[in-house]
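Two complexes come next, and they have one chain in common, subunit A, joined by subunit B in the first and subunit C in the second.
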Partner chain A sequence: MSTAIAPPAIPAATELKVVKDATCTFCGCVCDDMELTVEGNTITKAKNACVLGKAWFLNHHAEERPVATIEGQPATFEQAVERAAQILTNATFPITYGLSDTTCEAQRVAVAISDWIGGTVDTTTSVCHGPSGMAFQGVGEVTCTLGEVKNRADFIIFWGGNPAESHPRHFTKYSLMPKGEFLPNGRKDRTAVLIDVRKTKSARAADIFLQIKPRSDFELAWAMRGIAAGVEIDPDIEKVTGISLDVLKDVVAQMKQAKFGVILFGMGLTMTRGKHINSEAVLALARDMNKYTRFTAKPMRGHGNVTGADNVVTWQTGYPFGVNLNRGYPRFNPGEFTTSDVLARGEADAAMIIASDPMSNFSQPARDHLRSIPSVVLDPKLSDTAKVATVAFTTSVYGINTPGTVYRMDDVPISLRPAFDSPYPSDLEVLKAIEKRVKEILQARS
Partner chain B sequence: MPEQFILIPGRTSRQGTSLNEGKSTAEYQNEIGTLQVCVEDMQRLGLTEGDRVRLWNDVGDVTVPCKPAPRDELPAGLLFISYGDISSRLMGGETHCSGMPDSKGIDVYLEKVS
Partner chain C sequence: MSQLKISGGTVYDPKNGVDGVIRDIWIENGRVVAAPTDANQKAHRVLDATGLVVMPGGVDMHCHIAGPKVNTARKMMPETKRLAEKVHRTPLTRSGTMGSVPSTFATGYKYAGMGYTTAFDAAIPPLAARHVHEEFGDTPIIDKGFFVLVGNNHYVLQQIRDNEPEKLKGFIGWLLNAAKGYAAKIVNPGGVEIWKSGGGDAAGLDSPVDHFGVTPRQIVTGVAQAAMDLGLPHPVHIHCNNLGLPGNWQTTLATMQALEGRRAHLTHIQFHSYGGNPDDQSTFCSEVPRLAEYFNTHPNLTTDVGQVLFGETTSMTGDGPLGYFLHQVYGRKWFSSDTEMEAGCGVVPITYKDKSRVHALQWAIGLEWYLLVDDPWRVAMSTDHPNGGSFLAYPEIIALLMDRTRREEVLKRVHPKVKDGCTLVDLKREYTLNEIAIITRAAPARMLGLDRKGHLGIGADADVTIYTPSPDIQRMFELPRYVIHHGELVVEQGDIRKTFEGKLLHVAPSYDESLVGDIQTWFEKYYSIQFANYPVDESYLHEHEVVATRR
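Presenting the complex of A and B:
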């Protein structure tokens, strides 16, 4: 690794190449059918990408930043690794956070470091579908892949999400529009329902739109479970949810008649009061429907590899997020070991943030505390979090510069095919170097 | 007189595209810093596009320009803002043992800034 302090020289590549079957990691759809035209160090065309994917690929410019900074001053990679390892090994309650925009290979090493230092490891899942993760443990998940949705789902409910804007290719590539093995006419063979508090752009794509009152998702799902089970429901449900009993009965009847139903639910459920019990109600509804037909439920995941983060943290610790390793064995407790809480309560005394920007989207008390403790930040961009970092590494971009594995939102692993090399190290390289030094320091102390 | 509303922060495609150009760009800042109000509420409160409104609750206090929500996207009583720094200032640290702060469906007061 370079020992230079100045920004690494960007190789003057001028060749023109086309990278086929590249993968977009901007959202959880992880579309792996991109055709990228690469001219030197710029992607000039991204065929098949949606508006978000195009913005992701075409705006990728190599930063002119040092490979690392310590307290805002340029530093060598080795100096930065040393300082990072010192911060992490000297802390009593260090927390590792982020990880949803990096490869599974890097996530593994981040979990390993957290284990070596007896820290807490948490991912952006905790402020995304963490409540759904808790709900899976409560009621289970009747699951399926997006391939099954494409080939079989004739009744699709989108609940608390706006895929038209957040996952623009979901409708066309996976859910509503494609012709499938058992749905030869594509969209015509499917019925789509949207349940949301706002009549978003996604409403135009739905056959049935249920505009519910804010914070009434749980009541709506519970009433639907009751209707499905033949329980008499008070017509006052309309006052609570904004949806009449007759409309609800009709939707439930259609769900029962479906050959293969799926509920694809978003953060309208998990971020709203009720949180995990909202997700539980929807998962339980999908589970109940299996008395009558085949019905599944999947969360719509946001970041490119947030699903990989859940998988990696689970296979390494047994739990998906919010895991404390301080006692030498993993403990899972959302609210206690989740980053938003740990920071807002002022508990962590050091932080390592990988590919995430909590300084721009956490609560004010959490931001204030993060600013006050030593932190190690890995990010391709000079994010608000990188700006307050004690040690900041500039890293290459996964999927564009770095190969590896990511998980699509339906837990299907997908390989990355990078477009061109970066002068900056990958998250994996930085984390491996930190892990090596952490182990040396701990060994010398024992 | 301030009025009580429910604020829904959420993703938009403009937020997603401008994010890739950089969080410091005028377009991103404009997207995450403009409040959408339904046409009915705009008229009732005597608001026109670009007017500045103050939003606050027991956690934070922000002043932002407002604009009418597209078509019939919002019902009366609901506000929308693109998820980001501004919306997070109105979000508390309490997660009710879930790890997730109340990030959508936030109670806020709104008044026009004269």
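Presenting the complex of A and C:
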């Protein structure tokens, strides 16, 4: 960490090294088999990475930016920590948001700060698989780790997602292609179904493609549950969903005959009409199939450590996202305490955004409000959100510069093996410094 | 470091034969030390315990407090928290939530507040060990460790099938090192693998396991032997097959017999002591007397009870098919997760009702176990938290054991047919304070092989709980006057005075390292993570202690 105002000097390292078993945090696959060739401060090769992973590793250049800025002007780390702590402790409704692209170690401190200041803590789950989280609270979930999919799943349904492009190694590493313990022939031993509104690249990989009408996911899942249970289904289902009853019956029959099935669902399901009831229908469908065989379901999570964020927020507060600590104890209410809603209603009077860019994807009213309140932003890049921050910290990149823990989409925790040091502090270091200062300020007040 | 003297308390320290004797306890550097030879020497600090009851800190040897299934249960049940007790933030402590599965900070504070200073999570898939270590880092004050699931591990099943006891032993040694775990746990041996590979369960001790052709019996004896050969401080920890099914007592008895004198711990035995016909719930009854008779005469065995209490709780288990069974019985939401190569998991909310004949019998069966085991050193208190009820129910159980009129009161209000299905009405035994000290600290510490816990002799960890005696026994044990952990005053009358992380307790048995190549080859074929990324490194451990193996 630097105390100087000028951008920290990037050490001119020329040493060449290879980091094996490193982890890519670019998507929820969290592939931990990267072999990184590192020359000084650049990664020149990322063996085993997909196109997205390669872009993530190879295009990583430390930017020459100040360690911190206050109102756009370069500041020392200490000045920035002081100002951040003042902002957070002077607010009556501070909100902490983001967290899905940082380590669990940093997430733990972020929740701690939110607790000490009586704030609200929320993660990007609230804008991606939040509905799945709520569905989960309704019906539960029958699921498994990705290694189970690899070793056993002879029937795979991808629903509302395009893994070929969003999770490029999912097919080869976990789901479609690999030879597994009980599936010695790999792809030949599996049947794959894709259910989506568009014929994406993933369709080519599937044996059966069900192109459904937009916004009819719930109806489709419900009809499939009905068919499985032997309920007479109105053939009009085809008008609603675009899929004929016969085709549906056939798919359900195949599901029953499978030895081990899995439904991998994406945001195409959770963020379309119906939202959490769509997830609920799909979770219930997978659950019901256990009357006949083994069947599981799993949301395809996007961000590298969004699953870690769900876990950390849950173990510390009891709830996965959208947690308010203002009364001195945790309360949970999606819609009431989720960031996009809190901001859009103009409620928060300060914000701390960690490794996320709400200014580039929240609604206009939410962005307008965020711009109008004091904020603390931690980001390796000068994101749109960092640009409007009162205090912005430039941080090192998790997995590339800093160690720590991330959780894969199936809750498997993995340790990162960083490639090279960054002159910038990690999220963890910044948050720890802020927490220390926040506690001092609060102690002096009480 | 300064000396602390706990002066004038009435001490119950069964391991050292101290049964209600007034004496001083001297503490220095976190340990109990000898009283100074110079009778005039003054301690730097004195805690006046005159008129109070002094015991070692409580030890919970079987609970579920961290890791994937515990956290899933927290996530899945927001509805149990709004009305539950609030755990407020204070300048010293973090906020949290209760319900049947408290958040991590709340768990640490509540255990300590109740005078328990050590707890072991009983069922962790080693692939998730890192998760547990992270949660332990946020579970303050108490010392803790966890048991590693091995009873459905594919490498274990293969070595048993191939009759390779050396490789089995080496693997378990390697695995405990990799996970930084404490003991080898088997859950529904073979049955979980049957469930994972297509549904169903192991019918009994001799049902072959799909793909592997081994039987639960072979798994039980193989792992029991390996744990002994590794010299683990705690023997194999067994959750028998057929949990919860009427008639399962025969499987439990057969498991005890199969051990043929090998050391073993049979956990939450209440759930495994049922008579009756599996297809007819109305025949459900207790078979504790017959099991206890065998147990009493076989000193290689120890047990904890898994007491059921009436109210809302959560069933959480590494026993995947059991989760499905409970989901079918109660029709409530159900979480199940299968971990590659290793384990299963089930989480289902459950409400034990005193007007239900089966539930009331389960309650009675647990108490029968406490009352029918002759030697309290062989039975530890547990609710299998949160399965039978919360760990916070221990004071209530203590009161039930010490006061038979209290048991009779409950029997009056529960389902009337309970009396016919068990022997509880006839059991007049009442526990003494000394016996309570045994089953809540001395015995579990001994079963775990923790030489410095569960007693107050010289060299013991200075974990001390000081109670205000009261005719209201439950109240006495709910609200200790003082709790001292590692020589520090951590709780005073329910208020947290000091927090720290607490220690991880784990084992590091030596094993034949030439076997690692074989393990690696197998691992790389089937796991979805890299072999090098599997072991948990020391950065996760913070303060920790390796408990020595026995040779």
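Everything that follows uses one rule, which is that the second predicted complex is superposed on the first by the 445 of 446 C-alpha atoms of A that agree within 3 Å, B and C clash if a C-alpha of one lies under 4 Å from a C-alpha of the other, contacts with A are read in each partner's own complex, and residues count from 1 in each chain.
We take it that a residue touches a chain if its C-beta (ideal position, glycine included) is under 8 Å from a C-beta of that chain, and two chains touch if they have at least 3 such contacts.
These figures come from a predicted structure and were not determined experimentally.
When the shared chain is aligned, no partner comes close enough to touch A:A75: not subunit B, not subunit C. By the touch criterion stated above, A:W56 is placed in contact with subunit B alone, subunit C being left untouched.
By the touch criterion stated above, A:R287 is placed in contact with subunit C alone, subunit B being left untouched. When the two complexes are overlaid on their common chain A, residue A:Q364 makes contact with subunit B while staying clear of subunit C.
In the superposed pair of complexes, A:D341 makes contact with subunit B only, with no contact to subunit C. Of the two partner chains placed around the shared chain by superposition, subunit B is the only one that A:Q211 touches, whereas subunit C remains out of contact. In the superposition on chain A, A:S166 makes contact with subunit B only, while subunit C stays out of contact range. Against subunit C, the residues of subunit A that register as touching in their complex are 20-21, 23, 32-33, 104, 108, 112, 115-116, 118, 133, 136-148, 150-152, 173-174, 180-182, 259-260, 287, 290, 293-294, 296, 310-312, 314-320, 325, 327-332, 403, 405, 407, 411-415, 442-443, 446. Residues 66, 68, 71, 74-79, 81-82, 86-89, 91, 94-97, 99, 101-106, 127-128, 130-131, 134-135, 137-138, 154, 195-199, 211, 324, 327, 333-341, 347-348, 525-530, 532-533, 537, 539 of subunit C are the ones touching subunit A in the complex. The touching residues of subunit B, counted against subunit A in their complex, run 6, 8, 10-13, 16-23, 59-60, 71-75, 78, 80, 83-85, 88-89, 91-105.
Against subunit B, the residues of subunit A that register as touching in their complex are 26-27, 51-52, 54-56, 59-60, 122, 126-127, 130-131, 134, 162, 164-166, 168, 197-200, 211, 214-215, 267-268, 270-273, 275-276, 302, 321-322, 334-336, 338-341, 344-345, 357, 360-366, 381, 383-384.
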